[in-house]
Each structure stands twice: as C-alpha cells, then as structure tokens.
Amino acid sequence: DGHGPIKVAGIYTVPVEQQWVSRIHIAAEAAAARGDIEYEFTENVANTDYPRVMREYAESGVDMIVGEIFGVEREAREVAGEYPDTAFLMGSSFKEDMGPANLAVFDNYIQDAAYLSGIIAGSMTETGNIGMVGGFPIPEVNRLMHAFMAGVREMREDATFQVSFIGSWFDPPKAKETAFAMIENGADIMYAERFGVSDAAQERGVLAIGNVIDTQADYPETVVASAIWHFEPTMDAAIAAVKAGEFTAADYGRYSFMDRGGSSLAPLGTFEGKVPQEALDLVAEREAAIKAGEFSVEINDSEPTSGS
Amino acid sequence: MSELFDILLSASFWAAAIRIASPLIFAAMGELICERAGVLNLGIEGIMVVGAFAGWMAVYSGMGLWPGVAVALASGMAFGLLHATLTVPFGLSQHVVGLGITLLATSATYYAYRIALPQVNTPPKIDAFDPYAIPGLSDLPLVGEALFTQTPLTYAAFVTAALVAFVLFRTPLGLAIRACGENPAAVAAQGLPVTGLRMGAVIVGSGLMAVGGAFLTMSAFDSFFFEMVNGRGWICIALVVFGAWRPGKTLLGAVLFAAFDALQIRLQQTELGAVLPYQAFLAAPYILSILALVVMSRRAQVPAALMVPFRKGER
Amino acid sequence: MTEGFGETVLRLADITVRFGPVTANEGVSLELRRGEVVALLGENGAGKTTLMNVLFGLYAADEGSVELFGQSLPPGNPRAALEAGVGMVHQHFTLAENLTVLDNIALGTRSLWSPVSGTRALRARVRALAEEYGLRVDPDATVANLTVGQRQRVEILKALVRDARILILDEPTAVLTPQESLDLFATLRRAVANGLSILFISHKLHEVEAVSDRVVVLRHGRVVAEAATAQTSRAEMARLMVGADIAAPAPRPARPGPVRVALRDVTTPARGTATGLRGVSMELRAGQVTGLVGVSGNGQTALAGLIAGLERPERGTLEIDGKTPAVWTPRTAVRAGIGRIPEDRHGEGTVGDFDLTENAMMELYSRWPFSRAGWIDRTSARAWAQKIIKRYDVRCPGPEAPIRLLSGGNMQKLILGRVMETAPDVILANQPVRGLDIGALTYVHEQLLAARDRGAAILLISEDLDEVIALSDVIHVLSEGRLSPGFERGTMTPTELGAWMTGAGFEDAA
Amino acid sequence: MRLEPIPAPSLARRAGFPALALGLTALIAMGLAALAGAAPGEVAWLVVKGAAGSKFALLETLNRATPLIFTGLAVAVAFRAKLWNIGAEAQLYLGAVATVVLGTGLLDWPAATLLPVLAVAAMAAGALALLVPTFLKTRFGVDEVVTTLLLNFVALLFVSYLLEGPLKDPMGLGWPKSEPVIDAARLPRIAEGLRLHWGFGLALIAAVLVWILQTRTIWGFEIRAVGLNLKAARFAGMPVNAVLVRTAILSGGLAALAGFSEVAGAKGNLTTDLSPGFGYTGIIVAMLALLHPLGVVVAAIFVAGIFVGADSMSRAAGVPSFIADITLASALLAMILALGLTSLRIRR
C-alpha cells in the first residue's frame, strides 16, 4: 500500500508473560516481523505512571499506542485528547463514544470459544463437579467463566461449580493449592484461568480446560481444550486504519469475536478421539451458528460464585 | 461446623498446610538467624525472588536439582553479603538497606530474566522435585500422608529448622550469635568478632531465604513467574515475631499460618463461601496472625540489640 | 617499692590515646607484679577506663605498647589479651541480660566451630570456682533477674573460668552494697593468694586503703603519682587525684521545719524481683536530711518511685504538705515541688542523644519561660543550661553537646543542677554520688546540705552507710519492705544499723 | 582498622560523598544498559533528561514525589518516637477510602468547604488505622512492626472488597473501581494540562508544619524524648502513652493525606492499585532524610526523580523497563552509604 512501517508502542501494567497481555504482545511482534510496524514496549507500568508513559511515547512521535487503561480510564482519555495525531488502541471497560476521537477500545471478547470449551468440559466430566480458579473477578475473567459455565450446562444440566479467586495474577503455587483443594472436593475438570491450575490437574490425574492461551503442549494428558484469544485481527485492523488515516474512536472488541477470527477453540490435539462425538457435534453446530451470526453467547461480566 | 471438622481431620488438608508452610519455614529460619544476631533483614522478600529465579534458572540451564538449590543458596548469600556489609560494619539504617535490597533483588531478577529469555512465551518448565514417600513412615495414618509424602525440599525445610535450633541453642557459635543480638559489647569483650558473626548470620540467613524462594519454583511449582513470591517474605517477618525468635515456635507458626491458608481455600467452597466475599477469606490468615500475637504477646523476648548497630569502642 | 611480689606480669609503656580533640591517656607507663594489687585512682574522666580498655585490647593506643608476661601484646585485640590471661570486669557490665549466667560465662570459652557447647563440664567448673571463691550464683538464672551484686560475681566468674592471671576491675564496688563489697574483697584476697595480680579502680578511698598494695594516680590522662599504699593516706590520695585539698563538709546542726511529705501506712505492690513497701509510715521534714539505708532489693526502689511519682500507694496515703494528691505521676510530683535525682542516670536521668540544654529542661519544658502556649523557647532553655553548667562546674564542650559524651560525674552534676536550681521544697536523692570521684562527691554533698539549710526536705537513699551517717539528721532502715523507726543523728553506729538491715532490729522491736 | 565518627564533617565530604553515590549509580545503570545491548554512553544523561529535562519531566517528578512526601513524613514522625510504623500503605488506602466515601456526592458542598473536610476525614481514617496497632502496643505489648505490616495486606483486601462491593462504580462496567469524586472534591492542577496538582503544595506545607512541630513545640520535644529514651521521658513527667497516641494520629493522618491527595488530586477515583508501594517507599524516603521533615521533601523528589528519569531512560535507550527499579535501588543504597560515610572515617 506504499506505506512504510508505522511506529507502535505497547504499554502494559504487568509483565508480558501475563496471559491477556501476552496475546497483544505476540500479535504486535508478528506485525513487526511482517514489517508492518516498528514495535517497542514498556511493561510492568504502575497505573500511577501510565499517563506519563503514554505521554512520553506520544511526544516521541509514535503513530499508535496499544495498551490497557482499565485502571486509568479518565486520565488516559485526557492524554489522548492532547495528542490527536496519535492513535490510541486501548483495552478498556468503556465504549468508544466516551473518549476523544483518537481513542479506540477493545477487550477479550472470547466468550464464544469459552462457551464451546464448556461444552467439551461438560461432556468429559464424570462427577459434574467443575473447579474454577481465577485471579481477580474482573469482567475479562468473569465473562469467560460465565460463558464456559453455560457451555458446560449444555451437556450437564446438573453441573456444579467451585469458584475461587486467589487475589493475584502471578502466584502459581497458590493457584495450584486452590485447585488441589477443589479436586479433593470432587472436581474432575479444572477451568485453568491461572497458571498452576493445570499443574494441579496433571498431578492429580484430572482434566483441565485452558483459557486465552493454548498450553496443551505442556500438559498433553491434561488440557482437553482451550479457548484462545487471537489479537491479530484487532491489531491488523487498527494498523490498517492508521495507515489509511482513518483511525477513529471505535469499539474494536468485535474483532475478538469468533466470527472475526479473534477467538477459537484450540485443536483437540492429544485429545483427538477422546471427546464424545455428541459433544463434538454440538460444538461444530454452535460454531457454525456463531460464525453465521445465528447464535450468540451471553456476555455476563458479573462475579461468578460457587454453586450450580 | 461438621464441614470444618471434616476438613481439619483430612490428611490432604494437613499435607497442603505442610506444603504451603515449607517455603515459609526456610525463609523464616533465615530471618530468625539474622534477627537473633541483631539485624532486621527486610530484604527477605527480594531475596526470595532471587532464589526462586536462580534455582530455577540453574536447573533450566542443565544443572541437577540439588545443585540448583545450592545456586539459589549462593545467590541469596550474595545479596546477604551486600546487606551485611552495609548494615553491620557501616551500621546503616536496616530499614533502608532491607527495603532497598528487596527492590534491587526483585528488579535485577526481572531484568536478568528478560535478558536471559527475551522471547515472550509461557516461562519454560523444569523437572521439579517430586514427592517422595518415605518408606514405612508414609504408611502411618494421617501423618503419613500429611508429613511423609512430601518433596525432599519439604523434608529439608524441617531438617533446616532442627539444624538452626541446634546450632543456635546447642553450640558455641549459636551462643555467640544470640549474644550478638542481645549485647554485642559483651561479645566483643570476650574477644569474639561481632562484625564477623553478624555478617555471617545475615549471609547464611539470606541464603536460607533464597532457598525458601527456590521452593516455589522447584517444588511447589516448576517455573518462574514475576511477582510469584507475592508477600510471603513479609509473612516470615511476622512469623519470627510470632515464634518469639525461637525456631520451634516459628516453625509451628509457619505451619499454623499455612493451615489457615489451606483452610480458607477450602472454606470458600462451603456455605460460608456464599455469604462472605472472597477477600474475607484471603484476609483471614493475616487477621488471625494479629490476634494470635495479641494472645501470645511477650515483648521481653525481643533480642535486646535488634536494629542497634555496633561499633567497637564507641560511647 | 614492689619488693615482696613475684615477677613483672604486665608492663604498659608510654600509652597515649586520643579521641578527636580529647587526649584520654598521655604517656602512661605502669607495671604490675605477680600477686600484687594495684589501685588506679583519678577523677571522673581522668582516663582510667580508657587505659584499661587499651590493656584489654578493646581500644588500640595511638602510641605506646603493652607487654604481658614478657610478650608484647598485639594492639586492639581482646582475644589476644584474654588468651594471655587477662580478665576484665567492666565499669558497665558486659552481660547479655536475656541469656543465662552459664551462657554468659560460656561465651567465647570454646572455639566457635566446636560442634558441642560443653556446658555440662563448664557448669561443674563454675560450681567449683563459685565454691572456692565464695561467688554464689545460680548458673541457670537469667541475668536480667540478678541483682547488681550477683552480676558482679558473674563477671568475676567469667574471668576465673578462663584462668585469668591478671584481673582488671573497673569500679567494681560502685553499685555494690557494703556487704557485697566485703564479699568481693574476700574473694579477691583468695584470688591473690592463688597468684592472681589485680588492677583495681575505685573512687572509694577506704577500699583502696584496705585492698591495694600500691596506688597509681592519674590526672588529665597522665600519671601524677605512684606510692605504696602503706606509705600514703586517704587525704594524701584525695589531694593527688584532685590536685588540691579536699575537706568533707563540716557537720552543722539542722533546724527541722514542718512536715513536707508524709507516708501513712503505705503499701505498694512488688515489681518483678523488687520488694514493695509494707505498711510504711514516714515523714520528711523541711530543713532536714532523712537518710534511708538497706540491703539492695528491700524496697528502696518502691519508696523512691513513690516520692518520684512513678509509684502509687496500693494501700495507705501519701500526703504532700498535708494534702493527698488526687493524681500522682512524675509530672504532678514535679509540680508539687519535688526535685528528683534518679538512681540510674543513664536510664532514667538523661536522654543520651539530647544535648545538655534539652536534658536540663526535661522536667520544665512545658512551663514558662521554657515554653509559651506550646512553643519552646530555646533561648531561655539555653540560658538556663548555661547557668547550670557554670554554677555546678559541669565539664562539657558546651550546652549543645550530646550528654552521652560526658563522664558520669559531669552527667550527675547536670542532673543535680537542674534539680537544685528550681529550689525544690523536697529533694529525692537516690544514690546521688554513685561512681563519682571524691571531688565531685564532696561537691554534691555540699549542695545537698546547702539545700537543707535553706529549708528543703531531703530524702537520701544510699548503699554507702558512711555517707548516710555523715549527712543524715534522721536515719531509717528498710528491710523486706518494712521501715524502721527514725534514728536521730549520732544515736546509731554502723554495726547497729547493720543489724536492722538484716532484719534483726525489727524482730527485737516486735 | 575501624570506623569512627567525625563530629563536624566538612562541606567537601558532605557534597563529595553524595556526588560519588550518584556517579556509582550512573555506572551501574550504564553497565546494565550495556548488558542489554544498548549503548551506555548516554544513559546517565537520559536519566537526568527524563527526570528534569523539560517542564513536563520536572512536573512529573514532582507529581510522583507528592505522595512520597506525605508517606515519608508519616514515617519520619513515627520513627522519631520509635513507633515503627510500616503501615503507611494501609493508612494511605484508608485515607483514600474516606475521600471517596464522602467525596463522590455524599457531601455536595463547594470546594472551599468540601476539600478541607475530606482531608480531615481522610486523616481521621488513617489515624484510626495506626491507632489500632498503637493500642495493641501500649496495652498488650504487641510488636507494631508486625501488626502494621500485616494490616497492609488486610487494608488492601478491604479496599478490594469495597471496590467489588459497596463502593463499586455502577458505571465502571464491572471493573473494580470507585465512582469518580465530584468536581468540587478535586484538588486543582497547578499548571493547566499537566498532572501536577495542589496536593504537592499541601505536601510542602505539611513538611514545614511537621518541622515546626518537631523543633519548636513541646509536642515535638516530647515525641523526640519518648523516642530516644522512654524511661527517662516517663521519669521526667511526660505522658508517654498520650505521646505515642498523638504520634500515631499524626503519622497515620499524614500517610492518609497521600491517599487523599492521590484521589482528589491525581486520579479522581480509587482503584486497588492507587499506590505502587508509596507506603513502603516512604520508609526509604524518611530514612534517607535522616527523619528530618524538610529533608523528606528533598529525599522524596530525589527518589521520584531517579525513578521517573530511569524509567524514561529505559524507553529512550531501548532496554527492559525493570532497569528503572534497579537504578532506583542502587541510588538508594549508594546514597545511604554516602550519607553514612560523610560522618565516618576509617582509622588504621
């Protein structure tokens, strides 16, 4: 298209290993590898420092800033307002109409895939007792848990769920202990929102469902299915908009939906042939319906609780 | 109520408590040694991070597990040397040095991680310590599963506590260390090297803290994550006070604290879990620790020269 | 002058020690022979402790050398001194209070790398030595629970266990009761008979006379005199120390006035190892010194605390000028015009890191002119401190110097000054001359008598019977919390008081 | 060989050692940058530029220093009385909670009355948070290092509960944060368009007031006496427990002002990551300042400047951003060593 690479800066409040952020980071690196962008990033930025870092990058002349402003919505919009020539593509709880014209929002709307992973889980559980360990009950986590639970119920109406939040993004030993407790309490499938949960499942010989990233390679006997977030469609759409000079306030959240390729169910891999056909059929049917726009999974951002 | 008893009577609950306690035991013993010698070591949180990284990295790059533990120990001792140099001969503020070392050790670890593993992915896994059922003992009812089917590093934690108790209370070296924490002038008057003793205690203590960190990446889990130490070091500071600076009571405190933690995880799935917010459960071990301190409070046990720098021949 | 003793065991040659601008020792030379007891005399701050610290290796001398048993001692190395057979009992005890007696003695007796503590053998040895030298103390007691006299014994045991052949005692009797001092001297005699040599520092000249073979006098860091004890006298020693003649204050008749403080059947609770008061009644009259004696631990602390405002009667009443105060705290005691000289000048009397000005106004800061409406007036405070420094001859770098740098005697003078300058109606003088040299001691006594003469009621608590007998118009004895009747000046001999102190008098009276 | 204190260090020592410390810090930062493959040459300059090279940079430094001044003062005041308050973090959060509870519309007053009321309410909340450990200390002899430390965790979980429960912003779309405070509850910006707000001015005023209190009033005299020798203070007639309580109120209140200032000045609302450890950094700030209230201002600006500058340098030089914390930690340790060496010399 005659354009050289645009300059993109990522600003993340956690290290880039964190699942959610890692998807953005990997998409950006892929775009950089293709030569579409020049990419640099700053990680582990406290929210107190976030507006300053935004401003520094904007001052340095980057074309687009990608990041997450859940904790600094108001200040971030102020900064964006001062740099109308810079595109801001930000993970945010709000919608595009609340901010300046150059700030677009996105989030991990992968409830479709989470729902499908729930169907598989529902078909694999024997006890009907499912354990779920999360970091914090924020919308990005809650909506996937709800979608997953809805999927499970498609196969097991009587399923019960154990839900716990460990109050930390990075404490695999704690997540593991929490998972152990749930397994002792009868869970035979673990929903692995955090690192450490699949490890507990593996050690105790129960199954796990992955989330956001695919970790089956690490737990071949344990992780049955995963709902994967692909940030590439979001990133690529934003890059194209910037290059075309058409970047405006918009909700890029749609690009995370399954029909846009923003999420998918990971290949069954080692569990090929081990999942009941009945479930696979339902998954195929619903996936087609979702992609055709005939079926939508409810987006429920409220905190899930234990129970049925 | 009956649910509570069911939990408390299950071997797996106590096994979890012992697992959770293990890193705390190592690190709390390290802190105890430092404080017995008269040095408050607030570097503990950062030193645990270093140990968690160093041990794991060593194994990841091809070393055996026990050599990895040794690397963790050495990394902690290196930071201990820095802490000791600044606080003992120079007598600088133990608060600043400790918090500064926590900041330094943490950030240096993360920096090293980024340079060592620049490609972003899930951190690689190592073959961590596996549980080892001690023949005979592990067949005992309840305690067999709780105590004797743990990883070797957990056994090492208990052995360490026993060793620390033995050295501190049964050997001349331990006596000298304790005396340094009570009245360094008395130690100097016997011709013993207060500076050397205090530095040695801080270095060895820091090494143990690092092993506590390594437990997280080499036994409790099998890879390294930023921030995974998650405040455990600060808990150990509290455990030492709770244990009245005695290894046995400190160990007991660690197990109790861990038991509260294991209990809150389980109680979240009971009816209580539906009523109380999850934060109440997470806060319970801290609040119970404070209450336990109120019940136990015996101030007289504080090493009299804790945080008091010593320079020979100063009035 | 040293004939009759064995070979020279210790030779200090031309020792000079400087602390910044202060020269604590200047060209000091000294010899000690086997079986000899040498007393080191000198004013507060003359450099005695410094010299002993050099000998023991705690300080390194700037110039000069130390030779032990013919071998020169490496400087600044207490280990070497210990191994050469020097034992030191420090002026301020070097004991770890939260450890046991045995632990304190064991410290440093074995290689640090020894895998066993060897306490069993040591306990036996301590028992044996304690028996031999009459140093009774429970090896398993925690030092914090011991009386000063018992701590003293632990310190000596520490030296004996190491087979010390030279024993340094820095003011060993400053905090001992007369009986404890006598026990100590008996011990020392046994040690000397066994071939020990002793260097001994004391301000109490009668002890020096009784115990030492030879005296060495330091003034301003230099040796100014040396003499066989037999060939000198107390007056001579005092003159050599101070450089001028010292005369004890002449006794003058008291003119007792009204009762200022009265205790009516007061009982106080016991605190730790310290006995409380048991039904004590007592009156402090204006213009009169009331002396209080007793074996340490018999309620002196409780009585002093009561007058100082730290303690309240559990039963009975305390009356100040005929009225029972509703609130009784240190603050109300100060307000009621009670001047207090505390027993422990480091712990209670002063704040070491405060300067002299701040220490001088410790009790008065909330009053005019030291503060107005909550604001401190440093200028008034400094002027006040300067006045005390001048009047009471407090030797110090100035009112802005931290008080911890002062010698004990000078610290005591500042406390005395801040009490006396408010012209209190009642003065509590608790061990007012502990550790002071003869010059300072005489000065303090004169000041107390002057206060009496202008009408103050004085309570003098001391373990030094001679001091109490010399100064008091009325003497009471405390024993197990009970108070004897008041004995008028001149009616009691030390022996009779001693009987009351052991409790005998109470039995006879009952 | 041993170290001995110098009574009155020369100006050369007092300026020279800190300069050496900064030099050492620069060397460490350069070495680390080189390790990450960046050219070390400009590193030191980039730090200075990032901290104070422009009006924006300078104001950002002062902005980040603002909460540190408050928490530094809080710690300095408490440590003077040997009240080991490690809980400034908890007090900060409780101050913020009070600000949010009253400032989001409950009190609909004009700024001139609302702001002082919010500040006082915040101080009361922070004071309360420290009074609990102080009471446990004076009443039961419980070590306050541990209680204040543990209460940090409890306070943060409490805030987390509030933000997911009663204080949750209904407009926040599920993210745990409070409603924004009303406009009248916002501290105005000092310069339009930049982040620095009048919380900084308030911090300076607080520092001067604390300094006056400590050096010129009988309360300050009592606090220092109690800290240096509690027995002597009691003997002299000082109301020791009352002094500790007063100190706790002052210290907790100052820390809480950091929370007030961050909410009313910087953020406008409360989240669980309001403070990236300002309470703990306050301890460092206080000790670097040798507990001097005016020194706290300097130390806070120093700490903030090093961090902001080194963080900016990490982007300019293209090295992992963790270098900012390493640089800060090195600077702290080097500086505390330099301050120590200023008044010490080696003898033989």
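Read from first to last, the chains carry the letters A, B, C and D; within each, the first residue is number 1.
Note that in this section contacts are C-beta pairs under 8 Å (C-beta built on N, C-alpha and C of every residue); 3 or more make two chains touch, one makes a residue touch a chain.
The shown structure was predicted, so the numbers you read here are calculated from the model rather than taken from an experiment.
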Worksheet, complete the sentence: Sorted by label, the chains bordering both chain B and chain C are D
Worksheet, complete the sentence: Relative to chain B, largest Cα-centroid distance belongs to chain C
Response to the item:
Most contacts overall join chains B-D
Fill in: Centre-to-centre distance between chain C and chain A (centres being mean Cα positions), rounded to whole Å
76
Discussion item. With centres defined as the mean C-alpha position, give me the chain B-chain D separation in Å.
Written reply: 28
Worksheet item: In whole angstrom, what separates the CA-based centres of chain A and chain B?
Response: 35
Item to complete: Give me the residues of chain A that touch two or more other chains.
Response: 44, 137, 167
Worksheet entry | Residues within chain C bordering two or more other chains | none
Worksheet entry | chain B residues counted as touching two or more neighbouring chains | 110, 279, 282, 312-313
Fill in: Inter-chain touch pairs (all)
A-B, A-D, B-C, B-D, C-D
Worksheet, complete the sentence: In the complex, the residues of chain A that touch chain B are 14-17, 22, 25-26, 29, 44, 137, 162, 164-174, 176-178, 180-182, 184-185, 195-196, 199, 213, 215, 218, 305-307
Worksheet item: Tell me, which parts of chain B touch chain C in their complex?
Response: 170-173, 175-176, 178-179, 182-183, 185-192, 197, 300-301, 303-304, 312-313, 315
Worksheet item: How about chain D: which of its residues touch chain A in the complex?
Response: 56, 60, 64, 157, 160, 164, 172-177, 180, 193, 195, 262, 266-269, 271, 273-276, 308, 311-312, 314-315, 318, 320-322
Worksheet, complete the sentence: The chain C residues in contact with chain D across the complex are 20, 60, 76, 308-310, 329-334, 340, 342, 347-354, 358, 362-363, 365-366, 371, 374-376
Worksheet item: Which residues of chain D touch chain B in their complex?
Response: 2-5, 32, 35-36, 136, 140-143, 145-147, 149-154, 157-158, 160-161, 164-165, 280-281, 283-284, 287-288, 320, 322-326, 328-330, 332-333, 336-337, 340-341, 344
